[in-house]
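A quick write-up on the structure given underneath.
Chain nomenclature is as follows: A, B and C, assigned in order of appearance, with residue numbering initiated at 1 for each chain independently.
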Amino acid sequence: MTTQERETILRISDLSISFNTFAGRVNAIRGVDLTLHRGETLAIVGESGSGKSVTVKSILGIRSSNERVDHGSIEFSYRDESGQPVTRDLLKMSDKQLQRQIRGKHIALVFQDPMTSLNPTMTIGAQIMEGVRRKKGVSRQAARARSLELLELVGIPDAAARYGHYPHQLSGGMRQRVVIAIALACDPDLLICDEPTTALDVTVQAKILDLIKDIQRKTGLTVIYITHDLGVVARVADTVAVMYAGKLVERGTVQDIFYRPAHPYTWGLLLSVPDMDDPQAKLYTIPGSPPNLLKPVTGDAFAPRNEYALAIDSQREPPMFQITPEHAAATWLLCPGAPDVPMPAALQRRIEHMLKEVQA
Amino acid sequence: MNAQTERAERAGQPLLEVEGLRQHFRMSRHYTVKAVDDVSFTIHRGEIFGLVGESGSGKSTTGRSIIRLYTPTAGRIRFCGQDVSGRLTAQQTLLLRTRMQMIFQDPIASLNPREKVIDIIAEGIDIHHMYESRAQRRDMVLAMLRKVGLAPEHADRYPHQLSGGQRQRVGIARALIMKPDLIIADEAISALDVSIQAQVVNLLKQIQQETGCAILFIAHDLSMVRYISDTIGVLHLGHLVELGTTQDVFEHAVHPYTRALLSAIPRPNPLLERDRPIESYDCRAAGVDYTKGTLHHLSDTHLLLATDEERDRWTRGA
Amino acid sequence: MDKQELRLTPEEARLTGLSREEYTDSNFAGHSYLHEILITLFSNRATAISLACIAVIVLMAIFAPILSPYSYREVHSEATNLPMRIPGLEKLGIFDGTRAGVDQYERHGVPDEYHYFGTDNLGRDIWTRVWTGTRISLLIALLAVALDVLIGVTYGMIAGFFGGRADLIMQRVIEVLTGIPNLIIMMLLLLVMEPGIPTICLALAITGWVNMSRIVRAQVLRIKGSEYVLASRTLGSPAMRIILRKILPNTMGQIIITFMFSVPNAIFFEAFLAFIGLGVPIPMASLGTLINDGYKSAMLYPYQVLLPAAVLSVLMLSFNLLGDGLRDAIDPQMRSM
């Protein structure tokens, strides 16, 4: 089976994180399991407050002061400076260790807003160079050459002239390219993109996504996207993890999620995007709003908004049910003995239409 | 004039006519931002007009000029048959502040954190003294809450005690209580989550059907605009480059910018989306100068901003 | 988990669908601003302690002079410069009224008197004088800062809200005012006017409001552009309504914080004025005049300067810490949840 052959780069097991707030403890992440293979692109999809950002920030050890990891592990595999493969639990490393050994060097992060992650008082060239020179033994000339190479790699025209520009002299799309160039400066193994295109216009968004895909093809980079835009997911992802209220509710290949979704929440998400091919169809909405995690969740957190909720949903939390080795969903509908609930007819029609379109 | 003839007359004329609207901001002696440059369109009663464009295209500015948060630099705006673009008379101000309402982008920023929901929604009727007693005021607010899908107990909460979608519903109720003829929805859904966006869009559509008000729906998300709008105007760099019915714009787009925008919408169909090429457009590289173009009628409803030569070239390509 | 065990019973597998009730939601219902502010405020230990210190000092300033058997102006020429004597503690051998092994109280023929903080060179009870002085210092500071708030908020509101030329002129006036060293303004004022509490308050307020007006103006400029003010304008709100209903309530937090930082400033300035001889007229006492008096005999009788100085220091420190704590609690940046 191919799963075994591929090299695992990141394995998150049973991760649980909570925040202490005025109002009490918020259990933001409630047992997340995820495995990521080298060279793969994973998209984590969810609404605000679903815990998608908290999950990936914990990979880099970026925590707010009131945040606490309750249990779990994040195992990251990479080659150290001598070329030996190592696997380490990132949660057990101190902030200093992470800073020296992991951040930037092996795992890099691209934020939503390029302006906040660039230093407005430094030229973009100097900022990229700073990243390149984090690797020991790189001379100034070599670093400069590498920086120019990176600027070209991220598709900035006339890189040599842009080298001395300041961030405010660039457009939003160009800035995000610079941020990506900085992220790539140390040849990381894993790139995390936190809503990389939300702050950009649609026409620029596609270009940035294609750019990252292109770099992946060239360098074999592993990428995690955090996004709420299903169109973006469709364009870039190999595997998809859908999060709701701090839990993974469905994971699978991109085709599993879009053509064979199993969780009612995923159904709702797919249906709440207007159908470009059938604009007259009524827009489906998931009723209500996401739960407040200040209150302990009994049973399935999605149950109050779920049209297909079962009696057991209000009592017990559903485990992940494996559908295929790669596709799993946490819904009681998949449990033996559950009533046979097909996906909504509107979604069925839409998927059939999409598949027909592909064939055409 | 009796009410019947008045209504008949009103039915004939458009609700809002914008003619050659310009909104320039002078930043310094040498630099003027032309946020909106010569934009014309009309909105009929009960119509949903989608205004799309990227950030900086002037779409929000257009909305704010129409509702007179800015004073237009040039051009004419006629609303309900009254010219509301120049110095306003008291009666015109009243018309503008009651019959035209706005819904804002950020559901957090658009509600005063120190006021209760009931006071936020009642603001308009407070200012214009549209009730006789406290009880009537409360009834009017509760009716609005019901209409936008909120419960009566929400009336006594503060905005931060609501979720994002609920806050946006409060914003809609605040506009709706004035029984407006035109609602300007300025990016009213872009700050919301996907599943909540759909709720709000459905609500707007339902309100339009129930009350017959017109909506100027300003957004950058074309798929939502297509879903809700009857007519769509495409703005780029302050110019209205293409205007037509939803069908005109989505199925027979002519302007290269519109085509680029349409092709950039990611489709939730992975097998198709993966390697779908995207049209790109750079007006400077393509040598297109919007100030040289004139509006061409491609059909009764479909307008294009172009020079004669450009029109011929683009329509051939389409 | 044992997969074999998992099989739903027909009852468990019953399709219930949505429960409409539940999602009308009480999700965020329980939040309250004041509650959050108070919790943050008291979870900060420094703030809690400083608040307690201020409370104690204020209570002492109110009640100590009333309960004391001595008055702050009563001169006892026979019982001058007595050391501290506190009942209870004297048995432990400290504060027992002795200096260099000699019981000063016996020596001055007042063996039954207890002056907790001793007496000064005119035989006045320092305990009573310190708390009377604290009372007057606090009174002056509060009055001066109240004037600051009144002038500063009005000025800042007008400048910020109406903007344009009015703002331009008003800002120039402030620049001129801050351009003159405020000590000179104060001294001139005190020389021209009759010395007393009102004069000192006025002297402190005459430049003190500038800071407040700047902060208020900045807040108004920020809030004026916010979407809820725009929304109010599209509904036809008159300016007064916007100022009173939208801007003022949202500026309150900043006003309170600035107020908290202005109080210790005013206390300090009052003490400073008193120290250079421009304080409240004799025999009235403020912390500043007490320090000024005690300082003259600081080498011989150090407690005469140390005690009022200690009260002054604790008071100022507490107000500053409280201001810090309030800022943390009110600052919206801290309230992300």
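We take it that contacts are C-beta pairs under 8 Å (C-beta built on N, C-alpha and C of every residue); 3 or more make two chains touch, one makes a residue touch a chain.
Since the structure is predicted, the reported quantities are computational estimates derived from the model, not experimental observations.
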Check: Counting only C-alpha atoms to place each centre, which chain is farthest from chain A?
Finding: C
Notebook entry, point to check: Considering A-C alongside A-B, which chain pair is linked by more C-beta pairs in contact?
Noted result: A-B
Next item on the list: Could you give the separation in Å between the centres of chain A and chain C, each centre being the mean of its C-alpha atoms?
Entry: 49
Notebook entry, point to check: Just curious, how far off is chain B from chain A if you go by their C-alpha centres, in Å?
Noted result: 33
Note to self: Touching at least two other chains at once: which residues of chain C meet that condition?
What the structure shows: 25, 27-28, 30-31
Checklist line | Contacts with 2+ other chains: residues of chain B | finding: 163, 166
Check: So which stretches of chain A touch two or more other chains?
Finding: 287, 289
Checklist line | Contact set on chain C toward chain B in their complex | finding: 24-25, 27-31, 33, 226-228, 230-238, 241, 245-246, 249-250
Next item on the list: Spell out the residues on chain B that touch chain C in their complex, using ranges where they run on.
Entry: 64, 67, 69, 93-94, 96-98, 100-102, 104-106, 109-115, 123-124, 127-128, 151, 153, 157-158, 160-163, 166, 171, 174, 178
Notebook entry, point to check: Okay, in this complex, where on chain A does chain B touch?
Noted result: 47-48, 172, 201-203, 205-207, 210, 228-235, 237, 254-255, 258, 268-270, 272-274, 276, 279, 282-287, 289-290, 354-355, 357-358
Next item on the list: Provide the residue numbers of chain C that touch chain A in the complex, in ascending order.
Entry: 1, 6-19, 22-23, 25, 27-28, 30-31, 35-36, 39-40, 337
Note to self: Please output the residues of chain A touching chain C within their complex, sorted ascending.
What the structure shows: 19, 21-23, 26, 287-289, 291-292, 304-315, 319, 332, 335-339, 341
